[in-house]
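Labels run A, B, C and D following the written order; every chain starts at residue 1.
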Amino acid sequence: MTELTPISATLLISCADRRGLVAAITDFISRHNGNILDLAQHVDAAENVFFMRVEWDLTGFTIERDQIAGAFAAVAAPFAMHWELHFSDAVPRMAIFVSKESHCLYDILYRYQAGEWQVTIPVIISNHPDMGSLAEKFGIPYHVTAVSKETKPQAEAEQLRLAQAYQADFIVLARYMQILSAEFVEHYPNRIINIHHSFLPAFAGAKPYHRAHGRGVKIIGASSHYVTAELDAGPIIEQDVMRVDHRDSVDDLVRKGKDVEKLVLSRAIRYHLEHRVLVYNNKTVIFG
Amino acid sequence: MTELTPISATLLISCADRRGLVAAITDFISRHNGNILDLAQHVDAAENVFFMRVEWDLTGFTIERDQIAGAFAAVAAPFAMHWELHFSDAVPRMAIFVSKESHCLYDILYRYQAGEWQVTIPVIISNHPDMGSLAEKFGIPYHVTAVSKETKPQAEAEQLRLAQAYQADFIVLARYMQILSAEFVEHYPNRIINIHHSFLPAFAGAKPYHRAHGRGVKIIGASSHYVTAELDAGPIIEQDVMRVDHRDSVDDLVRKGKDVEKLVLSRAIRYHLEHRVLVYNNKTVIFG
Amino acid sequence: MTELTPISATLLISCADRRGLVAAITDFISRHNGNILDLAQHVDAAENVFFMRVEWDLTGFTIERDQIAGAFAAVAAPFAMHWELHFSDAVPRMAIFVSKESHCLYDILYRYQAGEWQVTIPVIISNHPDMGSLAEKFGIPYHVTAVSKETKPQAEAEQLRLAQAYQADFIVLARYMQILSAEFVEHYPNRIINIHHSFLPAFAGAKPYHRAHGRGVKIIGASSHYVTAELDAGPIIEQDVMRVDHRDSVDDLVRKGKDVEKLVLSRAIRYHLEHRVLVYNNKTVIFG
Amino acid sequence: MTELTPISATLLISCADRRGLVAAITDFISRHNGNILDLAQHVDAAENVFFMRVEWDLTGFTIERDQIAGAFAAVAAPFAMHWELHFSDAVPRMAIFVSKESHCLYDILYRYQAGEWQVTIPVIISNHPDMGSLAEKFGIPYHVTAVSKETKPQAEAEQLRLAQAYQADFIVLARYMQILSAEFVEHYPNRIINIHHSFLPAFAGAKPYHRAHGRGVKIIGASSHYVTAELDAGPIIEQDVMRVDHRDSVDDLVRKGKDVEKLVLSRAIRYHLEHRVLVYNNKTVIFG
């Protein structure tokens, strides 16, 4: 995002499908002199639900920025829309949770410093000290909160306090090998992104590469999803796969899988950052 | 398409980008009580060109079907839109040109008789008699027009006459191994779909698998494109690839490639039939 | 296989790993003037098991064809090898079981008549009459054995009788929607090839596309495996996948999935026909 | 490679195909009490060339390590084999050339420090100072040799001197945006690995993503190859691809392409390091 990029607004909308929805929304933008940059729409015919993402250039838009939400609320009300409004110059704050594996963290930090994403990483939180020096290299605060069966509630309380103190908008679990409690998850609904090292729903839970090897699959995968109370069962944001064969040991699967994990997680983060994800019925609509 | 599917209309639109385009179009639909089923839009920012595909349910639409084009013309004029209007109950007529290779023809005929597409195949035209018995199995008229260097103009005149006599809306070259003249192509602009057995622009022209083998590529591909006057240089509709290795002979590439060719061509045909393709600057916008 | 292709022999071997295995085997071939065309070998280090496939030209081989097995037995004995010997001019007999879905059957019959495989299809067996006319087009005997909960034992007895009467070497379930009993499977150990329309082990059992849609996966797949007594749990021979998104209905998944099913099943059949598959620990070694 | 991994030797062999080659080689290993860990063999039937890679455990091997080459030479001579012998505890030295783009360098350095490869990176050489701080973070000497049209010969002389001073066994061009002269390349035949940001042979040369965008391709790719005197025309080691569509700008292609480039280059490096690559007729045999 260079200085010359004009500021845009993005609306993410879902509601029961009805006639006139698109016209009402685009008329709102057009009437106030907004130029639509990108519009995508989807109707789940089976569920009769309408989804839409529309982004428009705010240059010359006749409603003041801080009045747009209020003005749009009047459009949304008769249709009982659920909606979010985002501005392109807002920089979301992404907290990272990590354990001992470095590949996803490293990949995220590279993209961060290379400017691939419009994001701030205010804090890295871990249950182990191992990644501290890497965090330090990138000048990002690193907090260790050891987690054991007994200390989990206190640890999560501390993690929550940290996430809030650093004003995290959302959390990325970059191979964080602990299960978050339902209570913790409730604080960030559809705002905790996990990477699971299998092609879900196959091999949910522990040691997926060992189990993939044991089953003799010919393709392995990785899945990024929003965390819900149920383990590895939240809405899938992105998945990808890689071919393997009988010559690959478990260690080979682990090594090859890392490359898929990095890719899948980074794409999920991008979709989330660009407000391209709508969650419905434990599934996602991705306006790619 | 079951009997209960309501009839819909689809507009494909392109023009210079301006404020209010989406609103004007969707308002036209909404004002006349149309329910939008699917809308996709794209702006080529570098070229300042607007593209849109919108499909709406005609049930309860207040403009008579045969008046819609006239009514929309008034919306389109101020924006200087290029547009096409299609109705979902229209059944396009697809002529097939083939030489001696059967795999694409067979695949098309299977999908045809299995009802995968809403299409009629009124005629198969070939420069060889080989596929005649296959055409007969499916009850489709088969015409042979031998093509040699000398007879090409007459042969093309006959092919054109046949295509027109059978009222073909578009033509699919299902591995038709002759180059069509610019004159012929002009009769079906962006309405002749070819499958080329390489990952274009690599290996345009003759014997792509031999050349792929000679170059030692690790992946082969196939490309479906609209035919233009320049060989294998028209707008690409769809491409896909398959991994190969040093153990694969040219014959193996030919065999493996057939599976990619079939898939790529069938997808391109589907996009075309569903009016999902807009051509601009020798490229395609595919509203997938 | 043209008339000029020389006849070759292929050995498929597995046993506990020991020094000298490869040398003993290749020396046997070399000593009798055989020219190795293709050799692949694999050691499962974790299990200490040795696998090998070796194919050699019989031109000038100094052991008579019908004496090779006996001669090799002497080599195999000290190593306690499991082994199979195949000749390239043998034409395996492949029985097909099918229900009502035509896509895999059609694909198989196309490849069959196009000469892609060296195989004979002596019989098609179904629990429904629907595919009879297709079988007739290709001149293949078609037998209907209706299967209900009550009649299953008799139906399987009849199917077994037919498979044996037609001298089937192996059986392909081309979307045969019945579960074969353990008793039936025992007659064809690692010789019944199934295609399951999911990326196993995800969505084993019924209605995988519905469940994939319900789970909101971003990629669907198909898996070909040898049938064992446990449903969809046999050794996986081949898998492949296809990307889908939120716009795809269950019907779209079914349609797109068919293309993956066809590809995966045809590859598995090829591996089996070319004697490239070794089964061990409910997994496959594929000498590709 | 842990301390407990036994040391192995690997032979890479090519020669005209003849009877008895495999037996002669494996007998040499077996006779001296070597246990074959991995053997792969390939015959290019069209060219009548034999290729083989065999790796065996040196534990208990009855020939002293420094006598193996001499002993094998006697086996190789009658067949006029070309061969290389490698030991698994040797750590190759990989010099990196880079310009201003960081993604491939970063990816390589991550894999290096994570221990993914058995390699030493003694030096990074660049025509720009930009990557100096990154090199410093990893404690690797960084040398800048500015290259202009006039200074190229001197610059290459200096680069060659550096590569030799740091005892580089091979060179990786991690997006080094200069063309190496034929004279330079001659010093490292089949030992300079380049990553080109297109699916070769499409878009060889400059600005491949711009040209891919201009052509409207639906898939982009990256290719890793050994550098020869002809630009982007050397033997291809590995390629991979990624799907794109009309919504992707040139910048999007550049961004998405980086992920493919990193993967493809890292796989090519691995194949090279594990002595899995044989070059013949400007193509590669990869014993995967």
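Criterion: a contact is a pair of C-beta atoms (placed from the backbone, for glycine too) under 8 Å apart; a residue touches a chain by one contact, two chains touch by 3 or more.
The model shown is predicted, which means the values in this text are computed figures rather than measured ones.
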Item to check | Length of the shortest touching-chain route, chain B through to chain D | outcome: 1
Checklist entry - Counting C-beta pairs in contact, does A-B beat A-D or the other way around? => result A-B
Checklist outcome for this item: Rounded to the nearest Å, the gap separating the Cα centres of chain A and chain D is 36
Checklist entry - What is the distance, in whole Å, between the centres of chain A and chain C, each centre taken as the mean of its C-alpha atoms? => result 42
Next on the checklist: Multi-chain contacts only, two chains or more: what residues does chain C have there?
Outcome noted: 42, 45, 247, 288
Checklist entry - Of all residues in chain D, which touch chain A in the complex? => result 102-103, 106-107, 110, 114, 116, 137, 247, 255, 259, 263, 266, 288
Next on the checklist: Quick check: in the complex, which residue numbers of chain A touch chain B?
Outcome noted: 17-24, 26-27, 29-31, 33-43, 45, 243
Checklist entry - For the complex, which residues does chain A have touching chain C? => result 42, 44-46, 199-203, 215-219, 221, 235-241, 245-247, 249, 281-286, 288
